[in-house]
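In the two complexes that follow, chain A is the common piece, with chain B as its partner first and chain C second.
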Partner chain A sequence: MRLKSAGKYLKSYGLGVQNAMAYRTDFWLGLVSGVFPLMIQLFIWNAVYTAAPGSEVYGYTHDQMIAYTIMAIVVGRLISTGFEYEIAGDIKNGGLNKFIVQPISYFWYRMMCFYGTKSIQLAAFTLLLLALLLGFSWQSTLSLSDDRIVWFGISLLFALILNGMIFYLLSLLAFWMTEVWAVFIGFNLLTNIMSGGVFPLDIFGPAVNRVLQWLPFPYTIYFPVNIWSGKISEAEIGTGLVIQAIWTVVAALVASSCWRYGIKKYVAVGG
Partner chain B sequence: MAIIEVDRLSKDYTYYEKETGLRHSLRNLFYRKQLIRHAVRDVSFEVEEGEIVGFLGPNGAGKTTTLKLLSGILHPTSGTARVMGFTPWERKKEYKMNFSIVMGQKSQLWWDLPANESLALNKSIYELSDRAFQATLDELAELLDVRDLLSVQVRRLSLGERMKIELIASLIHRPKIMFLDEPTIGLDLISQKNIRQFIKTYSKQTKTTILLTSHYMADIENLCKRSVVINHGSIVFDGELSKMNRLVGDRKRLRLQFGVPVDEVTLSRYGRVVESGEGQALLEVEKQEVKTVLQAVLDVLPIVDFNVEELSIEDGLSEIYKKERDALEVGGQIS
Partner chain C sequence: MYLLREMLKHMRIYGLFVKNCLIAQMEYRMNFVISIAQECVFTFAKLLYVILIYQVGVDINGLSPDHVLLFIGTYMIMTGFYVLFFMDNFYQLSQHIQSGLLDVMMTKPVSLQFMVTLRRINFSFPIPNFIVGTSMVVMAWRRLGLESGPQEIGLFLLLIVCGIVLMYALFLLPMLLSFYIIKTQSLIEITDKFWDFNNMPMGIYSRWIQRIGTFLLPIFVITNFPVLAMMDELDTLASIWVFAVPIVMLLVTRKVWRFCLSKYSSASS
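Moving on to the complex of A and B:
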């Protein structure tokens, strides 16, 4: 991006910010709706830990497990995209035309918009967190240690960018398929599980975990949450961040060649 | 040198046959018959700088596809096009900075934003200076009389109002070439007239090259000296619209009114019956035969009133379409 053309992407970012403001109820409702799966999980884990009092399950104490579950849901919400439906709509209904004929990159427009929306949500989340920490002294419940919060923040940011790339790549599927909703929903569900958005990945056993480590998904939720909880050693944090970066680049490269093929297939419906 | 040069441009679409019913749907899972539609076939033409050229043709003739090819939205199947020295589908930034396309059926505005913010976004997309932007905006808003619409959210504008904003958005960077695809579609007569008037004034002032498609004859007649008639993807006429009727022969139409109904068979003895019934008929005859036919009919048939009419351009057009269809049927291949 040259400096002169930075203006249009700054504007795109602004659009995302505006969007987040306009649909703030949506965001909070989304966060609140996370309470229901949380409740179910709390019941399950309470039952599990009562059956074996004082022990660890998959290497997590009761409090750690609860903290993980809460944080996984929050991180999952914070990095969730949602633009895949808009992109698929643009491809299917010809909305892409506008971007083909105007001197603006569709990719950067979408991404900057996404980052704009997420900035507001992250800011709101940070405020909420501060309120909880200071007002209700939740420090112990969320098992937070001061030096980790910075690393958590960085890994969350990387996770956000990585997840954005993954879902951008996924949305390009619309070039080859007219109806992609089912795929999106299925993919969302599956990757949420593989990312550790539902349970800590340790539950699936070492064999599955070895496979999962080779996929980008654990680096979107499991990794940042475990930085927070202190399950990951300082040394591993660095490696994890590098892997996040590598996956982001890989996804970006694949997406860019998919785009090149897809756009040739694009038929610009109507007439 | 021509600003637009199109040489044997073709675009085929492939699509799949889809019959109704569950049984066919299931079969389609395993086997789909692929069909090819020649949306644009071997189209060649040139446009000089400052010209306004109208593209005429029925729905699905290939007008929009041609414009989409020229604006780089689509890749052609074969052929070449040079617009201001650029190949459109290479989608060079320098090219994008110098043309615009308006599609009547597809808004390029940002629906959730007020009109002026949508325009401001275009300002940064086209990297315009504040001064250039403001000057152009003032001028266009004045011409189109939309000052008070600018703060309204785009999705709340009426179709006619939106089209005006659409035009401003597409002209804000002062393009050298403008593609207008059905700019008046769905508009009421007054709005149509306003849009038309604007395009006319604007092109006169700025000498912008304009390619316009429409199936409203009035748009084309008003704005374009030269028309390209396109049907089934091929150009069937290219030239001055008023001369088009010569292509289908110099003929006139006799509108006859009878005291008592006359059947078609009797009428067909005097010329081609275009329509008949309810004590009236419309006959088409060669220009030089008008007098003789008229005398004969007046002598024999119970004429109450009659009128001699020129073929309208619409009539001429439908003649051309019909001729071409007949030719295709004789050739036995409609692809």
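Moving on to the complex of A and C:
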């Protein structure tokens, strides 16, 4: 019986894997479109570090900043969701009906799909990263220990789960608003900025930064990337992982109570 | 005489488009407000670069933070014009082709290119861009102590108009691929990201990128040249190019448009 119930979610996971395989061009094109902002930022940082040679900017050495810039864009891509549009579509057009009458949890179906898609992308990314590590000899310039690479991997997984939860919670907004697309686009960019996906959060100054640390967003990009860049000390890594886990649980609890309220409002439009 | 009459007709129709779009957007006021909020986030993302430059506070390739502010301000104003006049139309081109609406548009007694590429005017998105962009330009202009006689401001505005024309031709060109490919989402994304090169002055890029962005895919001409002209840094060749390239690109785009149409076989029945 238990096996049976696990089976359907395994199937959902498989759907996600298939999805990632089917739309692989989309994923690669997505990475390519990340190349332009990356180039712009690399030129900016190179110009900045040339103007102030030998110094640290916001406590980052030149190599650390370059590593941050590259990894922030890649990590931002890897943890990005996209299912919020599908959930909102299901709620608006009545696609949710078929899930309500079936013995499957909508939440787990969506999440397993998401994890399926992401595991393929993560696999592709790991291969790419290995190539980069060998090609750029990053390990020597960043003094990147094997421990750190493992911690980075773990924090990246946590970040993925946390971000999935945040955007699941956001997508439930569709119960109360019919046109949520603009909200999604705006929120996506805003959280990307607050997560440190564009520039390191240090550019906002210490005051704003302290406030941001109280939000879940820095733990999706800024935290894992800085494990990689070496800006975060080994001692702080453990604390960060715990905070990631706490935020994930909080988001899950809020989401489940929002779902309970939302589903009462749901009117099942469409056939 | 015929040409003049046609132009007047199209201008009158454009006036009706403006009115129609304004009415349509005012009908859904909540949507309008949310769109402004959404664009505010995008404007903030562009402002990050300004924050960064002032925080670091060093001259970059001979450009002070105030200069950079002038460049980014102009970039924001031009983005405002792009979303005001063109964005909605260009995004919808592939939908028109897929849904067969293009066939209906062909039957109208106006220029098809005019009808397809200028039909929609978006009033919500440009608002944050114009407000923030203009304030930045005015602030930087004052701080740099640039001349602000009617001559300088007139030239600046003239170059902005040239930029708008060039923007139309340059950004329509990749969208014409919609005649051949179905999924244009990533195409749109790449074009948008390419435009963001203007988020920093062209001076920070390598020589090759500067050349490509000036001559091959002249996006730098759109936002960088008006500012360079104000800083008195346009040489003779560049001064000719800034007026010539909009006309050249317009002709190229028109040719490609005609070619695509001649190959077009209606999508739906």
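Convention: the second predicted complex is superposed on the first by the 256 of 271 C-alpha atoms of A that agree within 3 Å, B and C clash if a C-alpha of one lies under 4 Å from a C-alpha of the other, contacts with A are read in each partner's own complex, and residues count from 1 in each chain.
Methods note: a contact is a pair of C-beta atoms (placed from the backbone, for glycine too) under 8 Å apart; a residue touches a chain by one contact, two chains touch by 3 or more.
If you're wondering where the values come from, they're calculated on a predicted model, not measured in any experiment.
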Open item on the list: So in the superposed three-chain picture, is A:22 touching just chain B, just chain C, both, or none of them (first/second/both/neither)?
Closed with: first
Task: chain A: partner with more touched residues, chain B or chain C - done: C
TODO: Pick one for A:47: touches chain B only (first), chain C only (second), both, or neither.
DONE: second
TODO: Using the superposition on chain A described above, determine whether A:199 touches chain B (first), chain C (second), both, or neither.
DONE: second
- [ ] Give one of first, second, both or neither to describe whether A:37 is in contact with chain B, with chain C, with both, or with none.
- [x] second
Task: Which of chain B and chain C A:190 touches, first, second, both or neither - done: second
- [ ] Applying the touch criterion given at the start, work out whether A:208 contacts chain B, chain C, both or neither, answering first, second, both or neither.
- [x] neither
TODO: Figure out whether A:182 sits in contact with chain B (first) or chain C (second), or with both, or with neither.
DONE: second
Open item on the list: Output check: A:7 vs chain B and chain C. Expected answer is one of first, second, both, neither. What do you get?
Closed with: first
- [ ] Check whether A:150 is in contact with chain B, with chain C, with both or with neither, and answer first, second, both or neither.
- [x] neither
Open item on the list: Which stretch or stretches of chain C touch chain A in the complex?
Closed with: 31, 34-35, 37-38, 40-42, 44-45, 48-49, 51-52, 55-56, 58-61, 186, 189-190, 193-194, 196-197, 199-200, 204-206, 209
Open item on the list: For the complex, give me every residue of chain A touching chain C.
Closed with: 26, 29-30, 32-34, 36-37, 39-40, 43-44, 47-48, 51-52, 57, 179, 182-183, 185-186, 189-190, 193, 198-199, 203-205
Task: Contacting residues of chain B [partner chain A, same complex] - done: 13, 60, 63-65, 68, 71-75, 91, 93, 96-97, 99-101, 103, 105-106, 108, 110, 112-113, 120-122, 124-127, 181
Open item on the list: Please output the residues of chain A touching chain B within their complex, sorted ascending.
Closed with: 4-5, 7-8, 10-11, 15, 19, 22, 94-95, 97-98, 100-104, 264, 266-268, 270-271
